Each structure stands twice: as C-alpha cells, then as structure tokens.
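Lettered A, B, C and D in written order, each chain numbered from 1.
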Amino acid sequence: MSLEDAFADGPAFIPYLAAGDPDYESSLEYVEALERGGADIIELGLPFSEPIAEGPTIQNAVVRSLQGGMTPTRFFEFVEDLDVSVPLVCMTYYNLIYRYGDEPGPRPFVEKAASVGIEGFVVPDLPAEESEPLREACDEFGLDLVFIVAPTTRGERLERIMEQVSGYVYVQARLGTTGAQTDVSDQTDSSLARIADYDVPKAVGFGISSGEHAERIVRSGADGIIVGSALVDIVAEGTSAARQTQSDDVATGHERGDDPQAVADRLETLARELKDGAMVGASQRPPHPERT
Amino acid sequence: MSLEDAFADGPAFIPYLAAGDPDYESSLEYVEALERGGADIIELGLPFSEPIAEGPTIQNAVVRSLQGGMTPTRFFEFVEDLDVSVPLVCMTYYNLIYRYGDEPGPRPFVEKAASVGIEGFVVPDLPAEESEPLREACDEFGLDLVFIVAPTTRGERLERIMEQVSGYVYVQARLGTTGAQTDVSDQTDSSLARIADYDVPKAVGFGISSGEHAERIVRSGADGIIVGSALVDIVAEGTSAARQTQSDDVATGHERGDDPQAVADRLETLARELKDGAMVGASQRPPHPERT
Amino acid sequence: MSVDGKFGEFGGQYVPEALMPAIEELEDAYERYVLNNEDGFMDEFRTRLRDFGGRPTPLQRADRLSERYGREVYLKREDLVHGGAHKLNNALGQVLLAKYMGKERIIAETGAGQHGTATAMACAHLDMPCEIYMGERDINRQRPNVFRMKLNGSEVNPVTVGRGTLKEAISETMRDWATNVEDTHYVIGSVVGPHPFPSMVRDFQSVISEEARTQAQEKLGRLPDSVLACAGGGSNTMGAFAEFVSDDEVGLYAVEAGGSTLEVDEDAGVAPNSASLTTGSEGILHGARTTILQDHDGQIMESHSISSGLDYAGVGPELAHLVDIDRVTAVNVGDDDALTAFHRLSQLEGIIPALETAHAFGYLEAVAGPDATDETDALGEFVVVNVSGRGDKDLESAIEETYERDIDIAPNMDEFTGGL
Amino acid sequence: MSVDGKFGEFGGQYVPEALMPAIEELEDAYERYVLNNEDGFMDEFRTRLRDFGGRPTPLQRADRLSERYGREVYLKREDLVHGGAHKLNNALGQVLLAKYMGKERIIAETGAGQHGTATAMACAHLDMPCEIYMGERDINRQRPNVFRMKLNGSEVNPVTVGRGTLKEAISETMRDWATNVEDTHYVIGSVVGPHPFPSMVRDFQSVISEEARTQAQEKLGRLPDSVLACAGGGSNTMGAFAEFVSDDEVGLYAVEAGGSTLEVDEDAGVAPNSASLTTGSEGILHGARTTILQDHDGQIMESHSISSGLDYAGVGPELAHLVDIDRVTAVNVGDDDALTAFHRLSQLEGIIPALETAHAFGYLEAVAGPDATDETDALGEFVVVNVSGRGDKDLESAIEETYERDIDIAPNMDEFTGGL
C-alpha cells in the first residue's frame, strides 16, 4: 500500500515512535501496539545524535534509543522484524542517510530502506533546496519523500515544496520543535488554508496530544494527524517507572506493573483515542470542502 | 655637650634604639643601659609608619613602639624622662617633623626637641636637596643636622652634603637598609677614604653587630660606630621571650627570666663589647692618619 | 566569494523548514547590507568596530620569537579586541545586522563563553535583549564568562541534554530560533551553520586579514610567506586568511586541536581531538555540509581539546573546501604542545594567549623550533600568526592542565594547586 | 612642565641618600631620552606602545550614556590597552628606559596587581628579569594577577610587614632598590614618588590626552567641556589631563574613592576612604611632598576603597598642585555608588569597567543622572570619561560586594554567592 492510499478511507492517523526506544524488543511491541490502536501509517524515527528539530521529549527518546544500541543497520533489521502491515515512513536526519553505505550519498540508504519495506521518508533538516539527490534516489526505488510545511512557509517556497512532495505533506501545526501541547494552535487553520489547493494529503503534526485535538484538526480540514511526543511520553513514563521498579524490587520487592505489555496497552489506548477523535472530526466536516 | 665633643676622647660609640620599644617604661631602662654600656651619643628613633630606609629588625621595632602608643608628643616626654647625660640624636622621618605643631614646617618640632634637650637629628628620607627648612630651624635652635653618606655618594653630591652636615657624618657602611650583618662591608673603607679630607667626625653604621666589627671599622679610620639592629635584636628577643613567658606562665608556670632588667643587662653587655672593640681598633690605628 | 552558499561540495542549508524563511530573509539582508552596504551598514559596522571594538589591531613584530625561529614572526593582535578575542568582530556585525533587519531579540550559543560574552557585549552596546544558550557542563567550567554575560544584561540558559557542551547548545539555540523565528536573530559564533552564516561571519571577520595585509605591506613591504591561525569552527582562521586566499604565494595554515591523540574510538563515539580536517570526513552538521567528526554510521562524535573554543566536531564549510582544494594546509597540535606554547608566549613576549591561540604557536614551534626537522619547514621567512584571543579566561585551566603534565618551561605553580 | 621636580610646593625628592645617585641618574636619563628623544627613545617607545600595547585607543561615543545624561559622553578606551589598563603605558616606558640606561633588573610594587602585571608583561616583552613586591594580603585577594605575573616570568615577592598591602609593598620595593641600586630600576606604578617619577610617569601616560585631544577635534570639531578620570595615585588622571591643562575652557575632574564614608578615625589611624585630595593634608610620603591621609601627628593612615587600585593614602604631587591652584576639581564617589556605576556601564554599554574606573562614572551619575540636582552640573555638553581599565580582574570583588549591598540594578547573582 502506498502512502497516499492510506488516506483513501477517511482521515489517516500517523503515530511516531523512535525505533529502539528504550530497547529493541520493547520497541517492537510498542510499534505493533500502534497498529492495533488504529494507525494508518507509522513514522519510525531512526535516532541521530543531533536532533535539532526535536523538543525535549523526542530528544530524550533519541538518547534512550542510541544508548540501547540503535544504528542504521539495526534499524533496518528492526523494520524487518516488525509485524505490521500499515506503511512505514522513516524519519531521520540527513547525515545518517548521506553516510550510509560505502560511498557518501543517499542512494545506498534508500535502496536498503526500500528492500526492507519502508515506503517513504521525512527528513527534518533537509529543505526542498537540498533534497534533489534524495528525491532522485526515492524516485528510483519508488519511495515517497514527505516534506514539512511550516507556519512560516509561503509563496515561492511553498510552491517549490509542493512540487516535490509525495505521499503526504506534513503540516507543522506551530512554530518551534516537536512536543505535546495542551491546546491547538491557531496557526494550523491558516496553514491548511494556504495549501488547500494542492492535491496531496495533508497531515498535521506538532503538539497533538488528545482525541479532542485530533477531532478539531481534522474538522478544520486535515487529511491526517501525526502524533509523536504524546506517545513518546508514554514510553518515557513506562521506562522511568520500570527503572523505578527495578530499584524498588531490591528495596521493597514491590512490583509496579510497568512491564512493556502495560506500556504497549497504554499506547494502544491513546492511539485509539486519537484515531477515534480524527474519525469524529471527519464526520463533522462540511460535506463539500471547498477545493477549487 | 655638643655632638662633635663626644668624639673628642677617642672613638665614639653611638647606639640606636626605637623609643618606646616595646613599651615606654622598658624602653627608658634600655636606653639608660646603653649609657652604662659606654654610649657616647644615643640615637633615639621616633617611629614613623612608613620606615622606608629600615630593614626588618627596625621595621618591627617601629611597629612595636607604635602599638605601644608612641607619638611625637610622647617621644618628647620620653626624652625628658630619660636619665642619661650623653647627647641624644633624634632619628625620624621627615613627615613627623614637618607635621608637628599647628603649622606645617619643621620649626615647631625643632623648637620642642631643643627644649627637651635633643642635640641633633638624623632624617633618613631627607637628602641635602630638601633639607634647607630643617637646617634653618636647627641653626636657630642650635641643633646639629647629621647627614648620611652612602657608598654611592660621590663628587658634587658629596660636597653638597659635607657643606651642610654638622655634629657628625653618618657613613653608611653598605648599600641597602639597616640590619645586623655578620661581616664588614668592603665598601666602608672606600667610603671613609672618599671623605677623609673633610673635617667632621665620621661615624660608620649599617650592619655592625660585634666588637670585632667595631674594632675593624675604627681601625680603618672611623671616628665612631653606629649600632642599631644588633641592639634592637636583643629587645626583640626579650619581647618575644616575655610574650612566650606570659603564655608559658599560664600553661606551665615556668619563668624564663626575660624581664626588662635581664634585657637591659644584655644590652649593656653588648654595648660594652662594641665600645671596647672600638677602643681596641683606635689603639691599633697608624699613629698619624694621613689627613692632608 | 560564494553567494549561493556552496563552497565546492560544501556548505548549503540543511535546516528545518520552519527556519528557511528566516534564513532567506537573512540571505537577503546579508546581500543588501553586508555585500552592498545598503543604508551605510558596513560603514556603521566598521566605525563601531573601530570605536567600540578597538580596531585596527596591531601587527606586531615578535622580537623574541623572531630570534627563536630565525625568521620574521609577526603577531596579529586580535587579543586586543574588546572582550579579548576576535569573536566581537562577528558578534557586533550580526547584532547590528539584526537591528537593521528590525529584529527585537538576539539568541546565541556559546561553548567556552567567548562568543557568548562577545554577543552579550554587542547586545548591551546596541541595546538588544539577549539570551545565551550554554551547556551546563560548560557553565560550570567557565563561570567567569557566565558572570560577564550576566553583567552585560544577558540571560544565560543552561542546556542540560547530552553532555551539556557546545554541540548541544547549538542544537538548543536552533530550537529556540525555530520557535521564535519571526522576531529573533540567531548569532552563530563561527563560520559554521547554514548559508549565509559561513560567508557572512567570514566577511565580518575578514577585517583581520584586510588589516594584516596592509600592515604587512607597510612594515615589510611585502606579503607574508605564511599565515597561521588556530581553527575551531574556523572564524578566526577564515578572517585571517580571507584576503590572502587569492595571493597564491602566501601559505595558509589552519591549526586544529590534536587533543590527546589523533586516534578515534569509533565504538565509544569519541574523538579525543577536534581535528576534523585531519581525522574527520564529509557530512552534514548544524545546517551545512562540511568536514566533521563522525562514526561509521554518521553519528557525530564527542570531540576533545584542552581549549574549549576548539572543542567542536565540525569546521566551517569554506575552510573544509579550501583544505579540499589544497589552498589551505590543515595541521594540528596536541594538548601538551599547545600548553607548552601557552607558557612560551607568556614568557617570551609578555602575551598570555588563549589556549585556542596557543595551538597556532605550537605549530610554529613544531615546524621551526629547535627540535624541528628542517624538511617540514615550509613557512618561509615572514610568518604571521593570528593571536585570536587572550588567555585571561584560561587561567584556571592552565593551572590544572599544567599541573597534570610535566611542562618543563612552566613556572613553579605549587601555590596555585587549589585553583585561583 | 616641571624639570626641577616641584609643582608649586609639592613634589621633591625625599628619599634615602643611598638612592639619590640613582635618582640623579634617572633624572639625567629622563631628560635625555624622554624629554629630548635621545637615541630615538621616544620613537621606539611610541612604536612599541602602538604595536605591543595596542594604541591608539579609541575615543568612543557612549550612545546610551549620552542619552541618559542628555549630553555627548565619550569614552577614552584605556581598557583596551594590552593587559587591560592604562598601566602599561607607564610600565613599558620605564622598562624600556631602564634598558636604555643599561640596567639589568627591574623591580616594582603592586597593590591590586595591575601595575605588577603591566610591568611583568613589559619585562617579558623586553627580556628583562623582574621581581614584583606585593603585600601578602593583596596576594590573597588578587590571585589571578599573581598568576599572570608568574606566567610572564616574573617573581612575586610577598610582603608580610604591616597590613600587607600597597603601602608596605612600596616601602619594601624602595628597600630593595636601596640595596641593589646600581643595576636595578624601580618601576613606580603611578605619578607618585620622588622626582623625576611624577613627571616621567605623567609623560608616559600623557599619550592618553594627546590622543583624546586630537580625537575630540576630529569627532566633534572641538575640545571637550570636561574630562573625568578616577584618581588613585593619579597616573590615569594626569595622563588624561596633561594635554588639556593649558586649555582653560576644559574642566578637569579627578574622582577619588570616597570609600564607605569621608569621615576619618584619627585614633584608629584609619580613613575609610582614599580621598586624599578631599580629606587629606600636605605631607611627605614615599619620596614626595603631596596631599596624603595622615593623622594629627603625621602618621600615615590606612586608606580604604572597594577598588584596590585606588586604595592608597597619597596622590601624585602634580595632581595635588593642580587641585591646589583650582585647575583640577577634586571630587569623590563612595563604594556603593561606584559599584552601581560598575553595573550600569556593563549593562548600558557592554563595557565591564575596572572598579577604579567605575568611580568616574559614579561621579557622572551623581552630577548628571536622574537624581542629580541641576546646580551641581558644571560638566557641560561634551564630556570625556577616561576608562582606565577593564573589570575582568574585579569579577570576584564585584560578586562579593554586590552581594553585601543592595544594588538594585545588579543582575540576580544567587548562583555566584560562593564566588567564581
């Protein structure tokens, strides 16, 4: 299934997790839980040592995953080991793509990604201006290249991006970095309005943390929602609870129950809430969205 | 008796002590002991807070004396209270002379000094170039103004000094500051030779600490010897021993015997050794010193 | 000069989309104000550099070094610039540019604190609110600089992620910028980052070589045979080289920090040096394609140097390019030799250099000193060394590091073992 | 200019006879080399001041102070001189002169360590062995400066007598000189001491006013209405005033340290200030007749100031004379106001001044600031303030002293309570 197809049956729910956070095995379970919770596409983060576009939540996930031994090679194994059927998007920084394989350049990475079943990429530090080599490799191997459109992206820049984007466009809901927020940004509506005319699915991300957010955003016209930090928060809490438990075990023998299965269940629950919110939002949309 | 007269009967022994070191009463005893030991003239230091020409021994004496409450006014009382018959020379720094009395200028100080029986002054920071006002006041009240001649003083400078000096000339035995030394400087002989022609008593000071030194120096042609630090050392030792004793008293009840009388005795003993050395030196002099 | 932001294969703009409009705005401002002196920007910049910054700095003959090395050794005295390093040339330029652009807030990253203090000074001078990001570990190592920034009215924001050093502070500042891009200018501290930063910072710093070139002509009637500068990000290097690049006869030497060894521990992700030009490889870091210290996978390595200002895993793209095309010779000097050079310059010339700067003198000693072998000596008869900064900030480190090593020319420092 | 060493009633040569020949030799050298430029001494001095010292220093318009005080406020930037203060002007001149005289050894006293570091730098630069006397208490208060002197290859001799501060260090240096007068030159750190020091130090420092006078003409086409400088011994003051003394229309203000109070405790022998020109009287100290802090008997009092460089019980005789004849106005600023001015300049202009220098700005605030009463304001429309030095040396003191007081404009410094 291609990325665009995932938007065919109503709003797409696109969760993000960092692969290997906090360890390989748990992470496999967590990602699979997202599919059970209703994910239509999954964004899998391949952690980079300098995640300049991430807020603290995902920064910490990156640190955990790197400490757990995640590498590009392990990442591809991870994807192969995953038992999910929805399309997977690899989210990572350009240097890892560029350095993979024997020769600098994106082609070996893309080839390998294609071979393990990745459908597309999001590369936060690769603006349209610098994306040609990656774009070409993606074309060669039939992968999509998702671009981010920020609240500040307008005019010519916007056109240049929309010409190149495929799969879906990642609409950044607010300025700043990733991170769960308690409200929905007003910037979202105007961003969506700016790109309403382009014929590509529009998925909104950055800061969505509840079913209610999801509903509002889809009602405003988004074709999908992308949720990262709110989910990563669950992994982080589970991890620190598990660490706590380990020391508690020694001290009190008390079991807090934050085993990977419990975390996976909570992920599934939040996923479902978000997916349901998106569905409700879609059902409330004006019947004929004005697309000229 | 005038200063010059003190040189009439053979070599003059001129000891120095800081008045009021370490306290008023002990200091009276110490100065009187010097006379008993054979002093022909006594140099009494009036302590100044910045004794730039002194070495550590006399610096510390100055500190003790100031801490003991010595002031110019007390100094004059001290001179009045002293029971000695040899001439007294006041050794101090110019600012104390300059500031005494109601109006700046040396006259009030000199007048007062004369009234308590001081015979002359040594002012280490007052070179001949700046001495006119003091010289005039001394003339007015009939006091001598002793100048120091250093090993570096030659030619015109020397003449200028020798024109102004009265009482005796203070021949600085070596470069540097005051302080007892274990040897006699070679510079002494050449200094004495340089001023041999002038018709004024020549007293050598700076570093003389034993009868043997005294002997050598007088043998070389000095008309007198000036001894400060070696004597002050005795006061200092007595003072720290007394302090020691005070604390020992508390701790052990043991009496070290360094009462002022013992210190005075030691001063008298060293004074006698120095005076005797000077006499021996004089007796060994070539019968007709070559004075042209 | 590159206006498209590429230096051969290096350079570019690898930043989040949210920043791209700001970067385009900056590119535009750079071209108008810096390149075309619109509204007299460059005139005002040069005037302020002179009056506030203390320019021109002298090109001084180092008498005793000249004797030691048997040639004319001249020092370009950037240590005399206000704040004690070349850093102000850039900070003042960027803060002034931000003012021309109508920005209302300045942010900057700092490692050793030199760029931070320079930016804080420039902001106080030009009345701009300023926040500085600094790794928590650096904050603890460089407390006097933290205090100076606060005295100048800047806020200092501790960065606690990762190791808490420069790399993390840069990432954090980029995040702030991405959040507040509309009213905020990010003053990058070296010739690194996305275009137009590398070109713009070079242009602000090139006053160094502009002056040095004229001064060399005045003093010796000719151009130097070689110019030496230490390279962290490469701003003092590019500043000292820029006007000489087209003078083919002038040798240009970028001296990186060799750290404790040039060997790299890939598994631990640690390079015990920051000699990216020698031990690094091509990659993308902090917005530009350039030469960086990275492991086989492309993860950035922890660098190391005795001098925190050189302790950075990358280098400016233009410098990487000039090395690539053999116009600039990349060399390096280790911690021990840099420290020895620090003491030597202090004793022989009465100039206590920054530890960063000391690396450049370490190279001079290696090539031309009494223990050097002749064949390596291509520096020629007239050498200019860029004294990028003064060492007052490094006194504590100098004590600690000298104590750990056996630097035979160092003074006895027993009374300082406990620090200052 | 005085060649006989007298300024009205002040000046002279009140030193032990052993020193007089050296002083005559120095007088002779001063006349030949300094006054008559024999062997091109002054040319070499000026060249080294430029190349090694970083002269000329700018005369900078202080935009934000100009706004605050409603007039043109210009800063003479001696803080940019190598070493961070005007002190090098003099140290370099004297060490060079000693070389011309064939001396083989340099000694100097230092209080805060600024003159000591300047002398140590000059000695390293000119390859002269150097010993610095410094009170033990000052050594403990100014460890970074002690370390800098040692880095430059100087020996630092602790003086343990008395309170162990500047006064005692001067006496001790005089003693060394009296012992080693034949091969040694004593580099006095201010316009104090016996003739020819006051004139000679003034001449070395007068490059400040020479430059400032020309720069004022260039920038505003006229002379300033007033010049402000802080006064310890008075060397930066005399340097900043010298060329303006004959310009009757230029007001000259010497700002002394008012300390904690102008009241004096005669019995304890303590003046909690070092405002000799205001609270002192005529006397003889350290070789010259001048205005000093003394008790009724003529014993020198302990002075006090928050800034150790102003913490001296006397003042140069020429300055005392110029105040006596009403050519210079003596004023003073207390510890609190100086500290506030320190923070104000740091925040408004991006220049962290020495605490000494801050006193001059404290006076500007007192006369022209928002809380000033108009009638006292005689400074005029164009004011030059001499920024005698930078404050890097004072960071620790600033922390401590700010903490003890309630300086409302100071940044929050909680994290620095324990020092740097």
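Here is the rule we go by: a contact is a pair of C-beta atoms (placed from the backbone, for glycine too) under 8 Å apart; a residue touches a chain by one contact, two chains touch by 3 or more.
Keep in mind that this is a model prediction, so the values were computed, not measured.
Using the contact threshold fixed earlier, the set of chains in contact with both chain B and chain D is empty.
Note on connectivity: the fewest chain-to-chain touch steps from chain A to chain B number 3. Centre-to-centre, using mean CA coordinates, chain B is 65 Å away from chain C. Here the spacing of chain C and chain D, counted between their Cα centres, is 34 Å.
Taken together, the touching pairs link the chains end to end in a line with two free ends.
By the document's touch criterion, interfaces exist between A-C, B-D, C-D. Across the complex, chain A meets chain C through its residues 48-56, 59-60, 63, 66, 71-73, 93-96, 98-100, 104, 124-127, 129-130, 147-154, 157, 161, 172, 175-177.
Considering their complex, residues 12-18, 20-22, 24, 161-162, 167, 170-171, 174-175, 178-182, 269, 281-287, 292, 294, 296-300 of chain D touch chain B.
Residues of chain D that touch chain C in their complex: 50-52, 54, 57-61, 63-64, 77, 79-80, 82, 84, 120-125, 127, 143-144, 147-148, 150-153, 343, 346-352, 391-392, 395, 398-399, 411-413, 416, 420.
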